[in-house]
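Two complexes, one shared chain (subunit A), two partners (subunit B, subunit C).
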Partner chain A sequence: MANENEDKFDAIVVGAGPAGSACAYTLAKAGRNVLLLERGNSAGSKNVSGGRLYTYALELVEEGLYQRAPLQRKIVREQIMMLGAESAMTVDYFNPAFGGNDAEKKAAQSYSVVRASLDEWFAGEAETAGAILASGQVVDGLIEENGKIVGIKVGEDEMRADLVVAADGVNSLLGQKAGLFPDASSHAVGVGVKETIELPDSVINARFGVTDAEGAARVAIGCTDGISGGAFMYTNKGSLSLGIVFNADQAGKQKRHIQDIFQDFKMHPAIQALIEGGTSVEYGAHLVPENGYDSIPKRLYRDGFLVVGDAAQFGINTGLIIRGMDLAIVSGLAAAKAALKTTSPADLGPEYMRQLDELLLMANQKAYRNFHHIFEINRIFHGYPELANDALQFLFTVDGKVPTPMLKGLLNTVRKHASYGQLAADGWKAFRAL
Partner chain B sequence: MPNCLVCYKWTLDEQDIKIKSEDLSLDSSRAKGKISDFDRNAIEEAALLVEKLGGAVAALSYGTAAVKQSLKDVLSRGPEKSYWVADASAEQADATVTATVLAAAIRKIGPFDLILLGEGSSDLFNQQTAPRLAALLGLPCLSFVNKLEVEGDVVKATRKLDDSVEVVTVKTPVVISVLSEINKPRIPSLKQVLSAAKKPNQELTVADLGLTPEDLAPKAVRKSVKGFVMQRKNIIFKETAAAANVAKLKESLASLGLS
Partner chain C sequence: MTIKKFSPEELLALDKFAVDEGKPHILVDNKYCAKCEIKPCLLVCPARCYRLKDGNVSFEYAGCLECGTCRVVCKDGGVTSWNYPRATFGVTFRCS
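Here is the complex of A and B:
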């Protein structure tokens, strides 16, 4: 370490999640003197359960980097489930092209990942590149001088740096301390419960129709007790990750605990059949930025200070895809690139915003800007899933009685769940959101 | 001003070890390493003594190649230098082998006034390493220590025994094994973690120490390790009358040959 003054770093990155590690890795690889701080006893120890990582983000950081990552299965099956009281309708979209091309060594579009191992690996990559990783360190303050952020505080200890990067996750203490935004308000975030269930690979393969290296990603609606939200399920190696993300505002007003709703979901016959015989090994709850573009704070920087990842509220949730890790990685990379490109503290922030544009992160956020309005259509979560199931029940029922004419029967089913007026209003709302 | 050495073991965190239900074998593939719990107390005690009296504290560990992972951790807890012996023999080592290796290392890097260890390791808890080490070095050994005072070359230790508390004094050099209640190991601060990266560490090979394959071969060889799982019957008796439940319980116990 070419560092005379032991208390001064080129950059201090707070939080060893995907955002922080991507930033620290890129800076360290370019020879910068980086300190990466993590409050968990090891990186990833605070991040329970799993998720799906879109590979392009790691490719942006460094071509081929994903090959070193502890990825679980490449996702080749996308599944959508609508749950009725006991029944379920599942759409299964199989596309081997999503699995990449092994001959050309092309990465798959996305992989399931287990956060504990992914985060530990990525922080380890940053360390190998020359960053100093200190875990078990809770950053609880910033040092400010002449309107510039010049360092951080961990209890009694102070540490200085030219740049402090807040990669401290969804309820960013540092962003609040820097005065950039208030506490995460409940309508801007979702609350997620998630669990990891171990099962032998042979069982997972059989239940999801996949091979050892391939996997399925499933989303489900109709399992949130009417609260805006949905469930997800990913196949890993030797385990399944599953959980539900709820609108925090509505969940707060609900009488039932979200853990109980999650429990009901697991007991649904169609879900129970998938997890039966498994052992629960991890359980946790976490917030997730949900409102997309409009919730991103107006300012993501101050002199000597940048906010990345969940801390900056980057996130896209269309109900079909949940994206956070990839945006976290891209924003961590953008921060590192900005730091490498600029010399004056005043140029740093604007350059970071420019990098976010150049790496298309902002364009992605904008593209889904109005999408979350679709979740205001409450019948998506309570009504339509039942409708779909009833319609299928009608179509598939054979009991020897005289069947209702097809069209009439279907229309009856529809009317049971929503009036034509409601349908039209919902359709219009959906059209505008899209 | 005492010149101290702490010996510690780098073990797997038992919380991360899983028992496979198929064959009761242990799955430690996801287990992280840690400094054995009681050894952390030994390190803390040495650090506290030196912070109070001056002097120096070094650390020594014998383990498999994984022992290298412990250096940053141990050096952030007070010692100024660490010595380590990484050898595959550690996988099977019993307390005799461990004490032999530590004694050989201490002859090379010593002498020390105080040699501190934990009462037992968090994986095997043999409680034999300290007394065996003392015997090999020809030093007195104080075990079960839960309070320690040092004045000049006189050590006053409180030993917590099964049925009594014993206060003993002894002149250095001495080997001491400590109990967990002696102190509360520190959570290293950021500055301590960062300074650890700059402290020296030195590898000692078994060849350096003049140890032969015989020295490193345990008397008892571990053939296998299996987990223990409590098998519950999960039988619930749901009769309304208590007497009927008791009768059923009796029947059930009898069928298991337990009455």
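Here is the complex of A and C:
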């Protein structure tokens, strides 16, 4: 596309996370003149995430792209943990098929990732494809003319473009400055805290039952002081990512600081056994869009302006599956495709929404639309994890005394944690959410 | 640091910060905080930048992890301005 003056870009992408880099990469590869801005000193240096990327999204951007990415371990073990005061029940689902097939060049379904390296790599790919990558640039505002967004301001500097893409993350100040949406609501986001703990690969492999290239992803409940939320653990190369995501609204209304709850979880005997001997090297925090489809702003565009990734509150959390980066990449791709397909600014936004449908992002969001209601069942976070542990303690205890009959013992355990009425109500709620 | 229960200071000591001295990126006016009954910031700021001192909310931006939680949970107007730190300042994550 020809420019009227050389200062004007075809597109300015604000934020070199997965959404921004996917967008800039796709546009640059198609020959567009793209400026990719990043506020950190390097891409990824302001980012924190639990740490798993579902690979299909990179495959949509370009087949085989994942082979160049600094991915950590193929996730072949999916683990669910329910914590009691000192005990823990863990479900460990091993499926080598999730690991793909190297000989057939079939990607693993998902990989653990570390954002400092993943984001820096992806932004570098966009740069190699021809985008101009400028790090250490904090965008202060938008330039608006005749109701159209025509550029951005960085300090005293103004930069202009046919298209500005807001890939500026969950706090999207640009989307707010464009008047598209207010602050995220505290009940719709989770606050995540995380420690990165270094351990030799040989130790990780032994503790998690994996090889060098393979890894485990674990979710845990019963460790949040009853706050809606859960813990995660991912195996990387030479490190573990360990953290908890709390519903921000509930976390602000209870008694203990989330840091203390997190540190107690870390020292739970069942967790400590996995991290023992390790070295904590970083502590991070980030907000997570958690409410799914209903919290996606009604409008994600204006003339000359598109919102992608976390900024658009894309996110899916089923308790077992936590998705954000893949949706970010798909939305960045959708924005790029829309820009490549349209010439009139008025067509761009509707085409972006069409691309989000075509790439099945919206269908994915809608499929889990009601799922977050399941997290309104408070006993999932405080009650049922303890029940599971007590039931197993009953089943496995041998002390030479006369054992309580099996059924009676189990029913006693259940009644200790929930009445039949509560169980029925929770069951109904879960049924409706599913 | 070896595995143990970390204090708030020990957790932040793991991170790399470049503090923009004298230029806070978040402004808090605690006269609004006085009216806020639940003061969620005291419990949810992952860096514990918000603390109670002599009954008043006190804010220290130096260890801010730039997550935005305070901005989202503050309902009574105490957070009067929320921005990212200027370029090259703030936290730098190396392995998260």
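Simple rule for what comes next: the second predicted complex is superposed on the first by the 426 of 434 C-alpha atoms of A that agree within 3 Å, B and C clash if a C-alpha of one lies under 4 Å from a C-alpha of the other, contacts with A are read in each partner's own complex, and residues count from 1 in each chain.
Everything below uses one rule, namely that a residue touches a chain if its C-beta (ideal position, glycine included) is under 8 Å from a C-beta of that chain, and two chains touch if they have at least 3 such contacts.
Nothing here was measured: the structure is a model prediction, and the numbers come from that model.
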Could you check whether subunit B and subunit C clash or fit when both are placed on subunit A? fit
Computed vertex angle (subunit A) for partners subunit B and subunit C, CA, steps of 10°: 60
Larger residue footprint on subunit A, choosing between subunit B and subunit C, goes to C
Touching partner for A:Gly136 - first (subunit B), second (subunit C), both, neither: both
Between subunit B (first) and subunit C (second), which, if any, makes contact with A:Met325: first, second, both or neither? neither
If we overlay the two complexes on their shared chain A, which of subunit B and subunit C does A:Asp264 touch? Say first, second, both or neither. second
Check the residue A:Leu356 against both partner chains and state whether it touches subunit B (first), subunit C (second), both, or neither. neither
Of the two partner chains, subunit B (first) and subunit C (second), which one does A:Ala126 touch, if any: first, second, both, or neither? neither
One more residue to check, A:Leu65. First (subunit B), second (subunit C), both or neither? neither
Based on the superposed arrangement, let me know which partner A:Thr196 touches: subunit B (first), subunit C (second), both, or neither? second
Applying the touch criterion given at the start, work out whether A:Val164 contacts subunit B, subunit C, both or neither, answering first, second, both or neither. neither
After superposing the two complexes on chain A, what is the shortest C-alpha distance between subunit B and subunit C, in Å? 7
Shared subunit A footprint, subunit B vs subunit C, residue numbers 136-137
Subunit C to subunit A touching residues, read off their complex: 1-6, 8, 11-12, 14-15, 38, 40-44, 46-48, 65-69, 71-73, 75, 82-88, 90-96
Give every residue of subunit A touching subunit C within the complex, in rising order. 39-41, 44-49, 114-116, 136-138, 170-171, 173, 183-186, 189, 191, 193-197, 239, 241, 246, 248-249, 251-259, 263-264, 266-267, 272, 275-287
If we count contacts the way the header does, which residues on subunit A are in touch with subunit B in the complex? 1, 6, 35, 37, 42, 132, 134, 136-137, 154-157, 159
Applying the document's contact rule, which stretches of subunit B touch subunit A when the two form their complex? 32, 187-191, 193-195, 197-198
